[in-house]
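After this come two complexes, each holding chain A, first together with chain B and then together with chain C.
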Partner chain A sequence: MTKFDVELDNVSKRFGEFTAVDNVNFKINKGEFFSLLGPSGCGKTTLMRMISGFEAPSEGTIRISGKDVTHDRPYERPTNLVFQHLALFPHLTIAENIAFGLRLKKLSNGEIDRRVDEMLELVRLPGLGNRKISQLSGGQKQRIAIARALVNRPAVLLLDEPLAALDLKLREQMQLELKRIQSEIGTTFIYVTHDQSEAITMSDVIAVVNKGKIEQMADATTIYEKPQSAFVANFIGETNLLEGEIASINGDATVVVVEGVPIKVKSVAGAHVGQKAHVSVRPEKIIFDAIDADSCNHFEAVIDNAIYMGNYTHYQMHLGQGLKLGIDVQNATHCERKSIGESVHIAWSADLGVLLPGEVQ
Partner chain B sequence: MLGRVTQKTWSMLVYLFLFAPILAVTLMSFNASRFSKYPPTGYTLDWYVDAFEDPAIVQAILTSAFIAIVAASLATIIGTLAAVAISRYSFRLHEFFRATFMAPLIIPEVVIAVALLALSANLNLQGGLPIVIAGHVLIGLPFVLTVVSARLHGLGVDVEEAAMDLGANEVQTFFKVTLPLAMPGVIAGLVLAFTISFDNFLVTYMTAGSGTVTIPIKIYSMLRFEVSPKIHAASTIVIALTVALMLLYQFFSRESEEKTH
Partner chain C sequence: MSGAMPMRPEYNSEAIQLRKRIAMLLSPGLLWLLVFFALPMFFVLRSSFDSFAGGVMTSDFTLQNYARIFTEPLYIQVLFKSLLTGLFVTVSCLVIGYPVAHLIARSTGKKRNLLLIGLVIPFWTSLVVRTYAWKLLLGTNGVVNYHLMQLGIIDTPLRMLFTTGAVVVGLVHVFLPFMILPLYASIEKLDASLEEASQDLGANAVQTFFKVTLPLTLPGVTTGCMLVFIMTVSSFLTPDLLGGAGNAMISNIIQSEFFGTFNWPFGSALAISFLLFSLLFVAVYNKFFNREQKG
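Let's turn to the complex of A and B:
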């Protein structure tokens, strides 16, 4: 037995001239919470529809639990899908909705009732089986859609932006709920979303998808702290993405000149002097300080704007040469906040920036 | 610009022009006088009794009902399956098939009748019931297709994909999800096809031969010999049935709309 639940080998999908998915490879471990994250139109939904069997790949192989399912129909696969618009059956009760898959498998009535009740317990809606779908709230419908899929005990549960329609509080609550359900039953989850905070909160592994390709696949910390491309750095969270040219490489220390300002950053393999490059610095990595060390970037700047965000304040500022930066500072104490027009010292350690050689496509 | 009052008057006149003959026939069917005189000299149900005591009229109504039930059922089955195929699957000559199913709507009924007669001659049928039913199925089809397609469009493919994802094959998906959810549309199509068959004259007249007499044909042949109030009564029965069925159709298509939203 393979230890992977889902394997994609060189999978591509073309619609006429348009390439929606371009030579994608990945393997998902058993029991993993795996997210496909990307902007709308990036190909993540097509990838999900190919895994669940609603689209056939133009090229490549898809294996689930070691079995080649590339050309199997949706009803022949050990996958279940939670639809973006839920797609509950309006002509059936809640219990009948959940039992739909079990009835097709011709299980006994006793077994079906037992498993439906078990699912209603799992999604914390016990005793609602006889209600109609139209009597449920948005969050309850969500839970029923998840129960209807999970009751079939799929090897892989796919979720297509299932929380997009819910309001913020409910969405955050359902994120924790999903994580709880997943750890209770240990099924592999593939979660499709364009919401980076959702992916970061829940996932074991995130695959960032852009223009039909996987830009980076790693755990949330690596994706955030060590992005491999300017797209990933920019798409996940806020960042200062500074574009310049590599001026010198000296062992571990590289200097990139951005709008005339030399920025120190940790070297990466494959970069060379004279190459165009980006430096990504997260706004919370920069602090108000006047440390002047070799391993640090230190500048004087003038505050252009201060935006109070509650738990932190976002400052926009410019350096003497005009380079603009954004900084987030926690409002931890009652310490006075900087005001607009004030001159400040800022600093960040060179290894907190990320060097991204090459131009943005 | 027409004033509001002028506009209303014109609308009333148009409606009067459309519905006056129907009202007149209905009114005269209750007129105590044997002659279609206005104002009525009194009111009676005698002509209805007369009509129902005429075995030929009763037989014609039964024949019409039989043809309409068979033709509407066939048109509904074929039309519903065609609607599912055309709105859910992509295949070669997709647009050609849609146009073919819609064609009876624009092809003159005379042409349909002539074509059916040619077919009947080739099959040695000499007109009669099977050919009449075939004709009525044909003219009912585009209506069923249109009503059911609209319903399927409103439903979206999501629920069908959900059924397949949960383990239902194409046939199970159709019977467990598509058909139950499309049912208001299917019944609306059935009612519409029944109405259209029940009062069809031209295709029936040209293909029926002497053995098959439907109620529109019976009324037409009675008119050629006499203008009896009995005919008004028979006509009013047809009108009442048609109106009742149209109200039923309205009910189901509204039901259909509400369930989609």
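Let's turn to the complex of A and C:
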């Protein structure tokens, strides 16, 4: 037996001329919480539909628990899908919805009742079995959809933006619930979302998808701190994406000139002098300070705008001729706030920026 | 809250306005129904109590006509046979029509439009013409018999015309669109992801049909069945042209009383009995299926 629950080898999907999924490869460990994160239309749903069997890949192989399922029908696969719009059966009660898959497996009534109750317990809706679907709130429907899928004990549970329709508070609460359920039962989850904070809080591994391709696949910290492309840096969290040209490479130290301003950044393999490149610096990595060390970027800047965000303040500023930067400063104690037009010293350590050679596609 | 009281008279006058408008909009239709439906029905009802002897109608109040319907076996037989034909035609239309409706509802764009147009094209031709076409096909020297003989499958022509089978085939052909259209409307409303969810949970195509698609499209099924059944049982032209004397249905019997024996009182009694019977049937059917859908 392999230790992977889901493996995709060179999977592509074309609709006519249009390539929705482009040569995707990944392996998901047993019990992992794996997220597919990407903008609308990047092919996330298409990937899920191929894994659950509603769409056949144009090329490539899909294996689940080591078995090739590329051409298996949806009802032959050990996967269950929580649909983007839930798709609960309106003509059945909650208990009947959850029992749907178990009845097809011809389990005894006693066993079915026991497992349905167990599921209602797990999603924290005990005793609601006899209600109709229309009598549930959005968050409750969500839980029933998850229970209906999980009760079949799938090897892999696929969730297609299951929380997208919920309001922020409920969504955050459901994120925790999902995480709790996953750690309680240990099933492999593949979770689709276009909400980066959702992916960061929940996932063991995040695959960032762009135009049908996987841009980067790693844990949340790596994706955030060490993005491999300008797309990833920009899509996950806020960042200052500074476009310039590499002026010098000296061992570990590279200098990129952005609008006439030399920016120090840690070298990466494969970059060369004269190449176009981006430097990504997260706004919270920059501080108000006047350190003048070799390993640091240090500039004088003028504040253009200060936006109070509660726990932090977001400052927009420019330095030199017009290079614009945004920085976030925690409102820790009663720290003095800078005012618009004020001249300030800012600094960030060279290794906190990320060098991304090449142009943005 | 205090502002609510002065609002009331205004609201009331608005409601009166609305009622006036509804009455105005309805009145042409109501007038039409009164003159061309309610009045004739009243005359038919009145005449069903008249007596008829030696070719002469006499204004009367007798239940004789109704008694005759229930004592002479012929009429109960025809009624029974009409119902049976109705049942058979309805089930055939449902079985043939459902897959077609499903196909149309699940196709998209241009293909769907073409299929829908194909469905209504038959209505561009008169029913009489279409029924005569069946006569040409099914007759003793008709197209079907000719080819069967040419191919050497049979030696003597099959008797297809003037059989119950011919009536059923003709009626299914005429009423199939009335089954498909309501089915199409309710399948189209059914979210395709419900059928996918069923498959995802382990149901194959057949199980998905009986557990999800059919229960959720029952409103279309009941409407379609009701339409086809009522129209079949009251059909006149098709059994007349394809069924002949031996396969008369209720309408044919009524017609022959009015224009064959000229016994209008008895014809009226038949018509009224049949109407009452239909209403009773519709009421029972509605009650049964409405309960089904609510509970």
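Note that the second predicted complex is superposed on the first by the 361 of 361 C-alpha atoms of A that agree within 3 Å, B and C clash if a C-alpha of one lies under 4 Å from a C-alpha of the other, contacts with A are read in each partner's own complex, and residues count from 1 in each chain.
As a convention for this text, contacts are C-beta pairs under 8 Å (C-beta built on N, C-alpha and C of every residue); 3 or more make two chains touch, one makes a residue touch a chain.
In this text, all values refer to a predicted model and were calculated from it rather than measured experimentally.
Participant: Judging by the criteria at the top, classify the pair chain B and chain C on chain A as clash or fit.
Facilitator: clash
Participant: Between chain B (first) and chain C (second), which does A:G129 come into contact with in this model arrangement: first, second, both, or neither?
Facilitator: Neither partner.
Participant: For A:A87, is the partner it touches chain B (first), chain C (second), both, or none of the two (neither)?
Facilitator: Both partners, chain B and chain C.
Participant: Between chain B (first) and chain C (second), which, if any, makes contact with A:F100: first, second, both or neither?
Facilitator: Touch partners of A:F100: chain B and chain C.
Participant: Counting only touches as set out at the top, which of chain B and chain C does A:S52 meet: first, second, both, neither?
Facilitator: Touch status of A:S52: both partners.
Participant: With both complexes overlaid on chain A, does A:G244 touch chain B (first), chain C (second), both or neither?
Facilitator: It touches nothing on chain B or chain C.
Participant: With the touch criterion stated at the top, can you tell me which chain A residues are shared between the chain B interface and the chain C interface?
Facilitator: Chain A residues touching both partners: 52-54, 73-75, 79-81, 83, 85, 87-91, 100-101, 104-105, 148-149, 152.
Participant: For the complex, which residues does chain C have touching chain A?
Facilitator: Against chain A, the touching part of chain C is residues 191, 193-194, 196-204, 207, 211-212, 215-216.
Participant: Could you pull out which chain A residues touch chain B in their complex?
Facilitator: Against chain B, chain A makes touches at 52-54, 73-75, 79-81, 83, 85, 87-91, 100-101, 104-105, 148-149, 152.
Participant: Quick check on the complex: what are the chain B residues that touch chain A?
Facilitator: 158-159, 161-169, 172, 176-177, 180-181, 259
Participant: In the complex, go through chain A and note every residue touching chain C.
Facilitator: 52-54, 73-75, 79-81, 83, 85, 87-91, 100-101, 104-105, 148-149, 152
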